[in-house]
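There are two complexes below, and they share chain A, which is joined by chain B in the first and by chain C in the second.
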Partner chain A sequence: MPATTPTAMIDLVRETVLPDLPADFSAEADFFESGLDSMGVMQLVMFLEERFAKKVEPDELSRANFRSGNALAALVNGQAA
Partner chain B sequence: MSTATPAIPQFPITGTDGFVTALDHLSRAADGRGLDALSQIDVAGQPDVERLRWLAAELPKRLPLLHATLRKDGVWAVPYWECSGEPTPVPMQFHRLRGVSGPENSEVESISELRALRMHGQPRASLGPPHIRFDVVRTGDQTWSIVMNWSHLLLDGTGVELLFKHMNELWLDPQAVSPQQPVITDNRPWWKLFQESEACGRHLMKLGAEPFVSASRGRLVTGRRGCFWETFSPEETAKIRLTLGKIGGDMMRTFFYAGLAARCHQAVFQSRGQHDLSYAVPMPVQQRPKDANGKTAVFQNHMAMFFFILKENDLTDLGTASKALMRQHMEHLKLKRHLSFNAMQLLMRRMPGKLMLDMVRLGQRGEIASFYHAYTGSFGEGMTTFCGGDILNAIHMPTLCAPPGSGLFVSECRDQLTVTVSYLDSCLSESETDLMRERWRSDLLGE
Partner chain C sequence: MNIVDLIFQRATAADNAVISPELRLTFGELEARMNDCANRMSADAAWPKKSRPRIGLDAPSGTDYIVVALAILKQNACFVPIPAELTASERAQLAKSTALDAIVFAKNAEDWRIEPVTHDSTPAFDEAALAALNPAFIRFSSGTTGTSKGIVISHETLLGRITAANEGLRIGPQDRVLWVLPMAHHFAVSIILYLYHGATTILAPASDPKVMLAMMREHGATVMYGSPYHYTMLSGQPDAAALGSLRLAVSTAFALSTEVAALFANKTGLHLTQGMGIIEAGLPILNLEHAKDKPTSIGQPLPAFEVKLDDGELMLRGPGLFDAYLTPWQPRDTVLRDGWFATGDIAAQDEDGCLYLRGRVRSVINVGGLKCFPEEVEAVLCSHPGVKAARVSARAHPALGAMPSAEIIPQDAAAPPPVGELRKLCQERLSAYKVPLFYTFVSELPLTASGKLRRY
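On to the complex of A and B.
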């Protein structure tokens, strides 16, 4: 599967858990400040597996990995911090 | 000329309120007292009596649900809160501990004695106000505490924290805008809700077939309400975070603490000779609506409920338990069981409380769950001051009925974790709460 982009991750978050994300939401902007909560994170985990074949392991389930479009893309592309 | 009568604001109960109302009914049937709880904030400095009195008078003027009454117009009607009462001040009493000097006339031996008095207080005569009351206690020359006695019918633990937070906002700015309670309506017909409840119904039947027990052994019993907690120091809390960090990331906390609740109860059940059990673990997840200003709703119970099944081999250690819970959570989300459970709660909120619980218990051999559990996160969304002073600690003391007769709750305040066991003394003994403490210290601190 080709590497994903921060924009694709922002689109996923907007489509699945935060429909009110603004169109100009940047790749570094904080999803949690825009209302992402633990329930939303778990839904994202499910969608990452379904659509990007990314199985999130318990030790990857950190706030840092779900903070922004950049962080999520790095997680999916196997470059998480 | 006719004058239009202003409509009396009404708030239909939420699906979660429906279940809490049934539990409140169970609690009142057992001992006449409702499903009330206590929350306490310890504060540095001295209480400003006049301004606290002002707050007690101001809150009901701004938050009409504080003087609402729970009504139901027919056997199968949706109950609702009717804000018809006068906005009389929230009861607030001032005390000082024995040996502490201050202007208060009321002297109490200890704050735990005061809490016990409130916890075992008067039977509830009506479903009207007051739904909260405050006790302000001068505990030292430069420390005081505020204890809120609150009804679970109107508030949940997170709502209590939001109320404390708003009190502090008003303290800092008396003109601050108050959160407006959204009116939640759901017009889906009953048959639609029934259809949507199916996935959850199947899951609950599966749960009912598991050999799980509670501390009350499925009996409807009364007892003296007890609460035991341990607040860890900032150093211990940091060590706990390290321990948990080895199991998973910080978004796993909900599962860590639900797993901890199960393991602590496992210690008790095993000491009773009950082995090879399953554990029915309910886990509430907040889903609070916001008002037009983006302020989160303070009142009513707003939770998506997830029910997990843990077996003995899932409970060999905290890491295994947490991961088992996470796996099941993913399955719940895939099958949208939380939405199905929401539909079931909306359908059942019309039922008389006794009938609702009889139905639940019929399918589960008299039980409701193995225990109750909640992790409320950082107190008041990380608030650090309250009414003029630094917060030293804040804790909740939930009360519960039997079954299940016990619960384990986790909260955090200013980098200090608190683990609390609530129980009825007919269901859990003091030596068993000690067993739980041994287990949580072993799991969290490696002792």
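On to the complex of A and C.
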């Protein structure tokens, strides 16, 4: 699967969990400050598995990995911290 | 009798009551802060001028949620938690069905406002009969609509259930309980129980396992309450082994899978204890004896409770059962059958008396501990002109429980409605957790012999 981008991740979050994310939401902006909660993280985990074949491991379920478009793209592309 | 008075009569003023990243309160400070909040509330022009008003609370989880909730209870008002995830229409429905007199919108214990609520019709329940019960809480088992009835819990019932639950939990002043669950859904047989038994509640952010572990260590937590999701997250931390110092880790909200139980045990050496929390009964069943060898069991009934299976359905009898359903008005005795409460859960029991939940009598999807009735979601989907029929079912995940997923028969198979439109429609009308995650278009849906949707 080709590498994903922060923009694709922001689009995914907007489409599925946070419909009110502004159009100019930056790749570093914090999803949690825009209302992402643990239910939203759980939903994103299922989307990442379904659409990106990315199985999120327990040690990847950190706030840092779900914080922003950049962080999510790095997680899916296997470059997570 | 008022449970709040009992809490502070029993408490040692200098002991820690609540610790959060922002604020630490001893029982003495908690009482002073609560009294100050209660006094200012009752002096507020918008506080209802009637006895036993019904007060909604819309506030974020945190130390001051506890302060404001206790301040409401202290004034003999009936407390109705308003979960943050409700949409505007669900909130309106909740305010109407409970005939709320006012809603307290609280940022914290100092910054709040009271909004009176007016209704264009009289309550659908008997107000005098409700007041006579000495009601403390009205809770809803799912969002607000349709199948949800409003469950009344009196001060006496609260005391009964926290006393019965603590025969199993054995929480006392020496305990420090690490807390990560949303307070609008979990409060009575948890935070009220810890306060009543003199324990310290440590409030940690639900989505940050690093901070959870740091707070656990710093404050020497002895007990944790969380869902399999939190325990999965914690298991992934490099220093997860520190959790092994807890004396009890209760897993609640949704089913604990073998995978999550084994993962947590491997990383920490501690076995998760599954419990069955139920709004109508508190915490009647807890896996204290067989957490190690049977982690997926909810365990055995606590000493004060009896259970039996009636055609597979789990029946319960014991103290602290709910006082009434609100709408339609049904006092407890008209609901119980010979003192037994039918839980709606299908269960099995093994040779040790350990219980296993197998499903629900009625179709319901447990999303991270919140109940989602497929019929409600299907009705929203079917209100879209491009949808002919819909079936919503659970998509299971080992760590997360289940999420709703939709199958749809479009009116025109050649031009099915855009998934984005369906999702948006659901997002506008339903709490986020009820919005289906995945949408599949199909040409037919399986029916039962009587022509109803086949659900499993």
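What we mean here is this: the second predicted complex is superposed on the first by the 81 of 81 C-alpha atoms of A that agree within 3 Å, B and C clash if a C-alpha of one lies under 4 Å from a C-alpha of the other, contacts with A are read in each partner's own complex, and residues count from 1 in each chain.
Definition applied: contacts are C-beta pairs under 8 Å (C-beta built on N, C-alpha and C of every residue); 3 or more make two chains touch, one makes a residue touch a chain.
Note that the structure is a prediction, hence the values are computed from the model and not measured.
Contacts of A:A8 after superposition: neither chain B nor chain C is touched. When the two complexes are superposed, the chain touching more residues of chain A, out of chain B and chain C, is C. By the touch criterion defined above, A:F32 lies against chain C but remains apart from chain B after alignment on the C-alpha atoms of chain A. Touch criterion met: A:R63 reaches chain B and chain C at once.
In the overlay built on the shared chain, the residue A:T16 is in contact with chain C alone; chain B does not reach it. Judged by the touch definition given at the top, the superposed model places A:Q43 against both chain B and chain C. Residues 37-39, 41-43, 45-46, 49, 58-63, 66 of chain A lie at the contact with chain B in one complex and at the contact with chain C in the other.
Taken in their complex, chain A has these residues touching chain C: 15-17, 19, 32, 36-43, 45-47, 49-50, 57-63, 66. Considering their complex, residues 85, 206-210, 229-230, 232-233, 235-238, 263, 367-368, 370, 395, 397, 399-400, 403, 420, 423-424, 427, 432-433, 437-438 of chain C touch chain A. On the side of chain B, the complex with chain A involves touching residues 247-254, 285-287, 304, 322-323, 326, 329-330, 333-334. Of all the residues in chain A, the ones that touch chain B in their complex are 37-39, 41-43, 45-46, 49, 58-66.
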